[in-house]
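What follows is one structure encoded as structure tokens, with my remarks underneath.
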């Protein structure tokens, strides 16, 4: 599969990586219906770990079956499928080679008493399961943030040596952050930047609000006239904070809601220059046909149609 | 890329392998214009090591450039490209993700004073270079055969742990073998079987002649009426010896010669049930346009056209 | 490049180091427009991690691009460029060999709830990225200071074995220190001395104020008549506290402000016998032309002109 | 030191290497009076090991002192200095940072009873001594060639991981090779090609004669009309065999002889497109002034003057 | 004990060594009655291993007791005592700190069927026994020479890391060497040079004869008019071959014989610029009083008296 000019431009930004990591990035970038466009649409199914199975899968009981998600991601023509160890183990052989997988190597859950995650997968797991990348969540702001940063540093070094790609979910929370601050524009842009500094190839953050959390930041945003008035402007700012777009950045779809609202948001995200979206609950909590239709619309948006 | 039924059937035969190795086998089986058919057409460029650069590339001087071979394999829609360390290093980043690569991890040369090969690549090299498989040559019959068997056993174990595929070139020579015996049907079938027994995912042998080398084997071939009268019959016998077709087996194209003779031979190989062909000199020693035309014909043959 | 007498004198002070660490120190000391003078001017860009991207780069948006800083440091003729992992990865191949780099291997951020830093880089990272040194921040006084000391001890041992240089940012804070005490002359001199004791080759501290934090220290400073009345006198004291000038010590440029004030301060720092300056925000938050002009003036000051 | 366009083009050919190895290649390519030109002139002093001290240094007794060679290489403005462990240890601190060094990590001697070399240095030695590269000799054709290939494969992997460059001396000898064959054009081109396949960044071979050793090769050279009539044509052929000039290739100066003959040969080597020369005996066996004059002439030739 | 200027000059030649190795060299150089002079007189007792106990100790039965040798070396005011593992273990606690010890870490014996030695001690042994150095024998010219070189390379790296000194016994034998050639001047100078290249701090060779073994060397010795007519001239040549006297070189006392002959030889060795002597059999095979008298004379010679 000859790489497109756009994908080659993107890979050139990963200038310190070995051909193995570039190969796995290329696999993700060339996969599915957005393949070659430089855009990504990823299905993450870590909700079961994060929120419990019933909260995650009861709205669409087929989704209790790990094969359901592989099949959905493939049939929808997505770029990659991300999930924790057990979910990948349960389908990796049946769907070997059909879609790049991202092994989520740390996980939290709704019983957790700290803003931290447990390491629940390894680079060796990713290799034996044929994954193209590891995924790791950091919680900037949390009391455990430094420990999480040190964990991803170790895992990223090992993953890059083995020619894998590294995806970082950067979700500010805990510590001195207000609830609103978790998605504030300054906090989100900072979180994305920290993921880039930690060596992430692909960065996942939430679509930011216009709120500004840190007083020192507020001053700068105002003085410098950084436009945070629209989601598109905020996305553009986050993309700039990812090494001036030298790193791929995808935005989560957030809580379950109506399709139109979601698509409108994705149009704004696209217009801000985002690499793409990573949409879990809004995908697998819908009936399959509806989910496929919605994903088709999202792909259309990223392909510039709609 | 949804796997075809045929590819899923093939992968099912590798039932002890982890999803990583299956993923890499799937990548090779789904690549190029034979992708999904269950057939393979591989470009190997280890001739430079084996016979020297002038003997390999002077007939088509563009082939001195390692990028030439990557480009040729991609443009022709082949299944994979196999080469020693330096050749892969010289293009692995430029062509990352464009075609599965097989790192040839041992190599001989025409100055060699023993029927052996040096280990010239590692599993870690294969991972950092984004390869889908390692390739290894054994010389059944050689005084060094046991040592070579032990080397591939070690490397195959490590490769399989890391989710790579393992391709074994099985070329009988040395020891008590006559020159004619190196391609005798009994010796070739035996060599393919030993490669399967050593855990190869993909086996490469030469198209066998009707000659029978070992007296004990000759007795059985005659008593049991094993048909070795045509190349197609002999190929069918070799395929049967590869765990009754549970392992993929590809046949080399041999020394440079006329296109018609080559295509005729490949038709016979196909009719015998071979997985496909692995054709080096006959590809890169022709001018590019001619090579592309020839590969197009071969692909047509394996797709059942011609 | 023949080393100057001055640089050879400096290297002789690192008498327990292997030739590898001396080589990397020499590379830094011989680089750029101060090369050979024994003075250093270093560009550190860890502000993105420490203060967030908008606060760091919005005043000069070109600075969002990691390549901007490599180019600026090279074009200005600086001695070295220091940054965290992601920033170095994003440009290390494009600018390989053009300027010595210092991999900042620990990092804090403005969400941190402790006076600590996370380890965000390794010696192996520094080697694969072609860096000449690792950089590490300690917070003398912090509740986590001992742990930080233990971390740099481990990393410095590994770095020195591998022939790298070690740069320590010594920034007192936390614990019983008052805000004013963080830059008090006794605290700064003590912090610099502790960095030297921990085995730093190059020490970075802030220009100290005339304040004296610790009562026991105050008594001695007064009894012994240590001159802390001018910045030049205080710098001279800090330099003396770095093994009587046997270790290189550079001073940070502090918060953004006017060029004249900055240059005046640097004249005083130079007159105190400092090795040089390490100036981040005051460099990259100015427009490029202005930054180059300012760096030219600073180089002029260290070369004795101005 | 801003890299020249030519050096950046060269580094781009090492597309699978990490920025560390690129940095060390850049250091060598930017050093001395040929710095930035893409040409190299290297001083190797392994003669003491290979032929004994008197045969090496008696003609110019100053050369018994290891410092002599560092100083000569620096004063002449050469690209790098290559020597075995003890020679590097004896001067690495005195000349730290003044010139890139290449640690020769295997060595033979004139008492040897096999065509082999002993491993006499390690990657850890190279790092602690501040070297930019390791150097390793292979003897293609020798009964020990496969073992030597396996040794350099291991050492090269380790060196590249640590960001060092890898220089391979490829000297055919032993086994079935005739004395004349050791420098035959087919054998030399093949030896250079094998070094490239083993992953060498820089390849050193001897200037080839017009002799052709292997009958199978002879046939091809004649059929394909490969011009071997002049040294320039032969050099061009060797360069082509080093991945179509994607790898740097330097030619040794051979036995001691008159300056004019040597310079004439180097003009032919240059005209053939060689990267440069690596000249030991012809340098250090002359009185210093004479050696400097000769090296000045060689530099002039590679800079296109003369 | 303040180091003398002479010892400081000597230590400066070990410029790549860490202070640990320098400390242990200093201990040996400052020990005993030659302490500070730059001369060494070492007692080696490896004869028991090499020739058997009766041949070694029967002439002076007190010498069967390992304590005898420690005591003799201390009482005579020697520089160091060298012996294999068991001999050191048998006295290291009783004489802890009284004299620097050199653990001979390989050993041969008179039953040996190859010109090789067994590794019979480790760096860890040397450390636990409080030794200042390891000692190692190489047999240049032997069929096993390359293996021995690789062993000392490994051991020397480990010893130097641990701050020990490294003493190499370089005794040509085996392979193509004639019996006379083992002590020929060209062979001895070459053997000393190889030990230096392998990284030895202290080199031990036998006093050379005027014989020249290698025809290629003979030509050079004659052409260059290298004076080998007297032992003093030959010693001077060997010293020059040890990096122009940058490495310490001691000469063995050879077979047992009369005191006068021995002292005459040592005068010549001293006049040639040797560092000193290492005398085993001629010491411990004499009655203690006689040995002490003889050692007193040798010390007198090296102190310039006699």
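Should a chain be cited, it is by its letter among A, B, C, D and E, assigned in written order, with residues numbered from 1 in that chain.
Note that in this section a residue touches a chain if its C-beta (ideal position, glycine included) is under 8 Å from a C-beta of that chain, and two chains touch if they have at least 3 such contacts.
Please read these numbers as outputs of a predicted model, since none were measured by experiment.
Common neighbours of chain B and chain C, by the contact definition above: A, D.
Common neighbours of chain C and chain E (chains touching each): D. The angle of the rotation carrying chain D onto chain E, fitted on C-alpha atoms and rounded to the nearest 5, is 70°. Chain D has its Cα centroid nearest to the centroid of all protein Cα atoms in the structure. Interface equivalence for D-E, evaluated over C-E, A-C or A-B, points to A-C, where over half of the contact pairs coincide by residue number.
Mean C-alpha positions place chain C and chain D at a centre distance of 39 Å. Averaged C-alpha coordinates give centres for chain B and chain D that are 36 Å from one another.
In this assembly, the C-alpha centroid of chain A lies 49 Å from the C-alpha centroid of chain D.
Under the contact definition stated at the top, the residues of chain B that touch 2 or more other chains are 92-93, 124, 128-129.
With chains as nodes and touching pairs as edges, the resulting graph is of another kind, matching none of line, ring, star or complete. Listed by chain label, the pairs that touch are A-B, A-C, A-D, B-D, C-D, C-E, D-E. Within the complex, the chain A residues that touch chain B are 1-3, 7, 11, 18-27, 29-31, 74-75, 92-93, 95-99, 124, 127-131, 161-163. Against chain A, in their complex, chain D makes its touches with residues 15-16, 18-19. The touching residues of chain D, when paired with chain E in their complex, are 48-49, 51-55, 58-59, 61, 64-66, 84-94, 107, 109-114, 116-122, 124-125, 128-129. Within the complex formed with chain C, the chain A residues making contact are 13, 15-17, 140-141, 143, 145-147, 149-150, 153, 157, 172, 175-177, 186-187, 189-190, 193-194, 196-200, 214, 216-217, 220-221, 224, 226, 237, 240-241, 243-244, 246-247.
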